[in-house]
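Shown below is the structure under consideration.
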Amino acid sequence: MTVRTGREFLAVPGPTTIPDEVLQAMLRPAVELYSPPLVELTDSLLRDLKRLFGTAGQTYIYIANGHGAWEAALTNVLSKGDKILVLASGRFGLDWGEAAKRLGISVEVLGGDWRRAVRPADVERRLRDDKDGVIKAILAVQIETSTGIANDIEAIGRAIKAAGHDALFMVDAVASLGCVPFEMDAWGVDIAVSGSQKGLMSPPGLSFVAASDLARAIHRNAGLRTPYWDWTAREADTHYRKYAGTPPEHLIYALRKALDLLFDEGLDNAFLRHRLLAEAVRRAVGSWQTGKVIAFNVLEPAERSDTVTTILMEPPFDPSRLRDYCEAKCGVVLGRGLGELDGKAFRIAHMGYVNAPMMLGTLGVVEMGLEALGIPHGEGGVQAAINWLSTSVKA
Amino acid sequence: MTVRTGREFLAVPGPTTIPDEVLQAMLRPAVELYSPPLVELTDSLLRDLKRLFGTAGQTYIYIANGHGAWEAALTNVLSKGDKILVLASGRFGLDWGEAAKRLGISVEVLGGDWRRAVRPADVERRLRDDKDGVIKAILAVQIETSTGIANDIEAIGRAIKAAGHDALFMVDAVASLGCVPFEMDAWGVDIAVSGSQKGLMSPPGLSFVAASDLARAIHRNAGLRTPYWDWTAREADTHYRKYAGTPPEHLIYALRKALDLLFDEGLDNAFLRHRLLAEAVRRAVGSWQTGKVIAFNVLEPAERSDTVTTILMEPPFDPSRLRDYCEAKCGVVLGRGLGELDGKAFRIAHMGYVNAPMMLGTLGVVEMGLEALGIPHGEGGVQAAINWLSTSVKA
Amino acid sequence: MTVRTGREFLAVPGPTTIPDEVLQAMLRPAVELYSPPLVELTDSLLRDLKRLFGTAGQTYIYIANGHGAWEAALTNVLSKGDKILVLASGRFGLDWGEAAKRLGISVEVLGGDWRRAVRPADVERRLRDDKDGVIKAILAVQIETSTGIANDIEAIGRAIKAAGHDALFMVDAVASLGCVPFEMDAWGVDIAVSGSQKGLMSPPGLSFVAASDLARAIHRNAGLRTPYWDWTAREADTHYRKYAGTPPEHLIYALRKALDLLFDEGLDNAFLRHRLLAEAVRRAVGSWQTGKVIAFNVLEPAERSDTVTTILMEPPFDPSRLRDYCEAKCGVVLGRGLGELDGKAFRIAHMGYVNAPMMLGTLGVVEMGLEALGIPHGEGGVQAAINWLSTSVKA
Amino acid sequence: MTVRTGREFLAVPGPTTIPDEVLQAMLRPAVELYSPPLVELTDSLLRDLKRLFGTAGQTYIYIANGHGAWEAALTNVLSKGDKILVLASGRFGLDWGEAAKRLGISVEVLGGDWRRAVRPADVERRLRDDKDGVIKAILAVQIETSTGIANDIEAIGRAIKAAGHDALFMVDAVASLGCVPFEMDAWGVDIAVSGSQKGLMSPPGLSFVAASDLARAIHRNAGLRTPYWDWTAREADTHYRKYAGTPPEHLIYALRKALDLLFDEGLDNAFLRHRLLAEAVRRAVGSWQTGKVIAFNVLEPAERSDTVTTILMEPPFDPSRLRDYCEAKCGVVLGRGLGELDGKAFRIAHMGYVNAPMMLGTLGVVEMGLEALGIPHGEGGVQAAINWLSTSVKA
């Protein structure tokens, strides 16, 4: 017997649930690519992305996924043979470093603990050692989708400044933008990248790069520039050049609608909503883990992200059986473990277009699954989540 | 602070949540009203409605709401001055009787307790008294949306037979068809009516009548017949006549898709799903009512319906405050109290396109609201629902 | 070989082409039926329908097709045994009369020429003869969809007044409202009916009735009233009562969007657009008919309607072969001949959401078909249409 | 006065009219990016793209526009300092060459006449001169969107073979794939690129590259490879790697639907349809140009493409006034002149989802505009198109 007929609940950390209005914004005829409303649409998006990234610099919209934006960020400011420092706390930071290697960049990895955030003091120490300024850029990830770790970008920015180092600070905000604060200029970030399909509640296919004036100055002499990613070319007046060719009309109409929804809610409200719902999930997981089998992947509570929670499951219990139960029996799709955590963890996303009944329904089904499968766990997870939310969301 | 951004949860007993595929089935150009695929579509719907109603008789699709179907049922078999017996257990039965009165029919109401189902024995006794066969028809409602009462149509049918009375048995299955078993022929029902917007998961605007051969024979001499509702006219070969004019193309495409979904799940599976989810809701309400303020409206557990639960709230506590909290803060829309229960109850629908996470999310938010508003209630409602479901939905 | 892949062109007189925005307005979750925005929506529609009908009286929205609205119009003001006069100029007027007969009304038909409009002088003469005022109502159709005849409602209204007769004047504006002027109050019309699926560019399923104060006064004593159609019941304050039950949410959202489009264009502009495009069609047909086989059904140019043109085709040539060619080879759906004209005519609609390229494309394909099928016809039909439009639509 | 209310006609050469079914294929929730149906979807697309390109080689789907595909084609097989030969017949060929230059490639342009196709004999001669095999690749465009020139790719392929040269033959089929035959393997093409938004009737945002075994062998030593575009990386088993990251779910569902429509029609039928409709446009333009002001841009009839027709307009007449009239008054959007033809030409696309009524409607409006604006032109353009089609599309 299943009780899954009804709305599917997608609780994976991207692509996330897309609001109906956003999907419907794509339901429109194509328009001529030089038409004035389309030009104005692009301008409005570039402007609003600056607001989202917290920068007075420049923003660029790429028809590409996040890996494309990574390549855009690297090729616009680096040259073959340059050295960079990758601050790793999960798979995606490592992958960005891999991409750099394949571009001919020399990569050093710092950290790499999958259960702890990057320590700013380690960054500062390493940079102080680099007396000759060999390191040209530092790559960090704000929220690591694989591990659920939230790195403190502001503190890392301070550490770089404290070290007196002038490497570019490049941050992946793919799994965080629109969900938690991001203040590029205030935090000393030079280049930030993000994508459409997570906190920004839009279909996958667009990614974004923001660049500070310093980054754009260094860009002029970068050896890896290519026509498709090139910032200078995209800063041309012609609308057509802003996308290096035909604009992705339907995707940008969708993004426009998604940003409208986000700004209508208010960024601060959205951040607070994410914090409350993330804490509800953590209260549930905290109750469940009073048994030995279930545990938070991230050891330090302060380093657990507000967009995704990675939950370890000890053998012989198998997270894929839990994921199967939730999906096949109840219509709830959980995230799987990635990289080192493949087969050892599952993930619950609380990112983007999520509210209290969606998260309580998701947690309720996870608890059903733990019980039905006989996976040892503490009781009262959802109850703890409800208690937390009822005191936080006052009448 | 709110945590309502995300999907809205509609937990009212009709119109209910419409599957995306059903909505999208309306997203199509109009077609010529004589086109063969449209004719075949109508035929397939009339056929499938017979299956749903459990009848070898005839079915009719009206462009109308349930009140229109009531009128169709009455005018096709009755004449001015006829007497009928209305079995009341809430507002909708009474309203159907009111409609009959306005058509010039003499109406006697039996029962009328808003907390108890109609007792078949009472029906039998009343019919035995009607030695001259003055009563031409008996009206009943399978599930009373206002009170949450489930009447035992099969038992009432047996009672009518036991009394040896030949009145037509007419049943409103608006809030039950597709959710709980309905066996018109087997139960001795002569006329059944339903609508598109509840268990059938479609937009409002269509309603249905099924008629037994006996009903159609009596129809021939009915004095209240009018062209729009008339069965005989609608049995013409011309497609156009089947709707007494232009067919409601978009609504029937939606209905087709909804019935496909229902049959794909399997009627028996859908009935079981409703029973499990209804019981989950009852477990939650049962936990909450250990306090004095919250109570089931329906006194007998066996008479609580599998599609909607009506919950009383004692003064000074106000159900509208709870409804406001759930909607404004969390995006969950609960049903209000109707008729005698206005201001004294709220309702949770578990009808149509509903699954475990939707119901657990809804219950979780109700429990949040009870807590946040300081409404006395027993704890652990959602927990009880989870426990029930985890033992019922096995891995 | 076909060249039909591409957009289908629906050139039938209802249901007509529905704008994408109108279809998409139905792509939304159901809302609770008592919610304030839904109530306001209904109010706005009732208000705007008054504007469309040109009346200070009352308007009613029925979940029904045009035949339902006919029944609503008749039952709200007449009693069994009343006598009415039907002014016929095609099938739909006759059908409305048939519906009246089945309600027990005595029907007299005036006119009935399928190629000429009703002559106001004939109406005046007949009414002067009815010295005892036996005739309770006069039924007319503004544009007869079957024949393409446009009756002069204003002149008929004057004729009734000139005869000093006090019968109610009831007009079917189904195939004309929103396309040509209609001024109910100014023209002395007491009851007007229309539907959603023609000039109002919406899906079928809604119909409308407008009633003057006189009609509403007479209504009070009408013997045929039934709960579903009843005006008094629908004038209740409760939103729910305005539709005699559950509102047709999706259809009224669609209608709202369609009326927005119509008012955005401006009613006068829409009327002029219809006139210009209708004349373009007539210029084409006029060129084609220089041969003997093709002819206008309506003999008098002044009586040809601005929403549909009915074109006769003489044997042995078969209009269904032309319709098949246009649809199967080119994706253009033409209207068939109805009633007396079955097998003898085809129809081109120019009604609702139509513009110059749609009509020129349609005419171009008809001309392709005439040529490809060897149907004798004059040349240069589309050329004549282009010439007309190029002088009417100035740069 | 305007007669533009109704469907907009988009007659620009990309993005083209998108079928409703294709747009609606995007109206779906996101799915988990590792889900098996999504993996199978990608496989089916890669397979079908091979069929479209006519190759047994490999195909790649990029989240990018055509410029991205250009970069993918170049970087996967070339190294800094390589020399290539660009065969130019309009703006897009030149732009592709420009992109190569910015990648550090040495570019020689052959031809460059905007009114004549590339002559295969010229190509053969130039290659025979390159005795040392300095030229590493030859770039050509099958249909030049700016000029409307159709290059004979098959003949150019033969010329390369005749010259005994082993440069890679790279072809831009963006404005031709799915509309006219393309036989990559049979014609000796090594790399072909295309995009979603023209003949493939899909939203912009996807582009495609096909590579022969020779191209893939040379790829191994290419110096310009980058992670995002890299073929080897995209040939990994993991679904995720096939898009170098998150798949563009909504766009590939749309593409799937579009290819289904195309294959349902049949590729040969689609090619024939394009040829017939293109010839209809040429008949119209041929009639108009009997005056002096209007002329085909492409001098040789055999070199006029079947997807877009570029039409010159002599001063003082201004093509932008014609475009404005057609759009503002009638809802038809024509293409503008590009590059050298800016201000001197307009373009009519007949590409992708187009049929007889769409093209006749478009031509009818252009003829209206020429007449209304007093632009000298021969008469009977649309008439000539109708005559042509009526003899080609037999009953």
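First chain written, first letter: the chains are A, B, C and D, and each begins at residue 1.
Just so it is clear, a residue touches a chain if its C-beta (ideal position, glycine included) is under 8 Å from a C-beta of that chain, and two chains touch if they have at least 3 such contacts.
It should be emphasised that the depicted structure is a prediction, and the values quoted were computed from it without experimental measurement.
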Quiz item: Out of curiosity, which chains are bumping into both subunit C and subunit D?
Solution: A, B
Quiz item: What chain is the most remote from subunit B, judged by the mean position of CA atoms in each chain?
Solution: D
Self-check item: Geometric centre distance via CA averages, subunit D-subunit A, whole Å
Solution: 36
Quiz item: From the C-alpha centre of subunit A to that of subunit B, how far is it in Å?
Solution: 45
Exercise. Round to the nearest whole Å and give the separation of the Cα centres of subunit A and subunit C.
Key: 56
Practice problem: Could you list the positions in subunit C whose residues touch two or more of the other chains? | Solution: 17, 24, 27-29
Quiz item: Mind pulling up the subunit B residues that touch subunit C in the complex?
Solution: 8, 10, 12, 14-18, 23-24, 26-34, 63-68, 71, 75, 98-99, 102-103, 195, 197, 203-205, 225-228, 230, 243-251, 333, 335-336
Quiz prompt | Residues on subunit D engaged by subunit B in the complex (per definition of touch) | solution = 20, 24, 27-29
Exercise. Would you pull the subunit A residues touching subunit B in the complex into a rising list?
Key: 1-7, 9, 17, 27, 261, 265, 269-270, 272-273, 276-277, 321, 325, 329-332, 353-362, 364-365, 367-369, 371-373, 379-380, 382-383, 385-387, 389-395
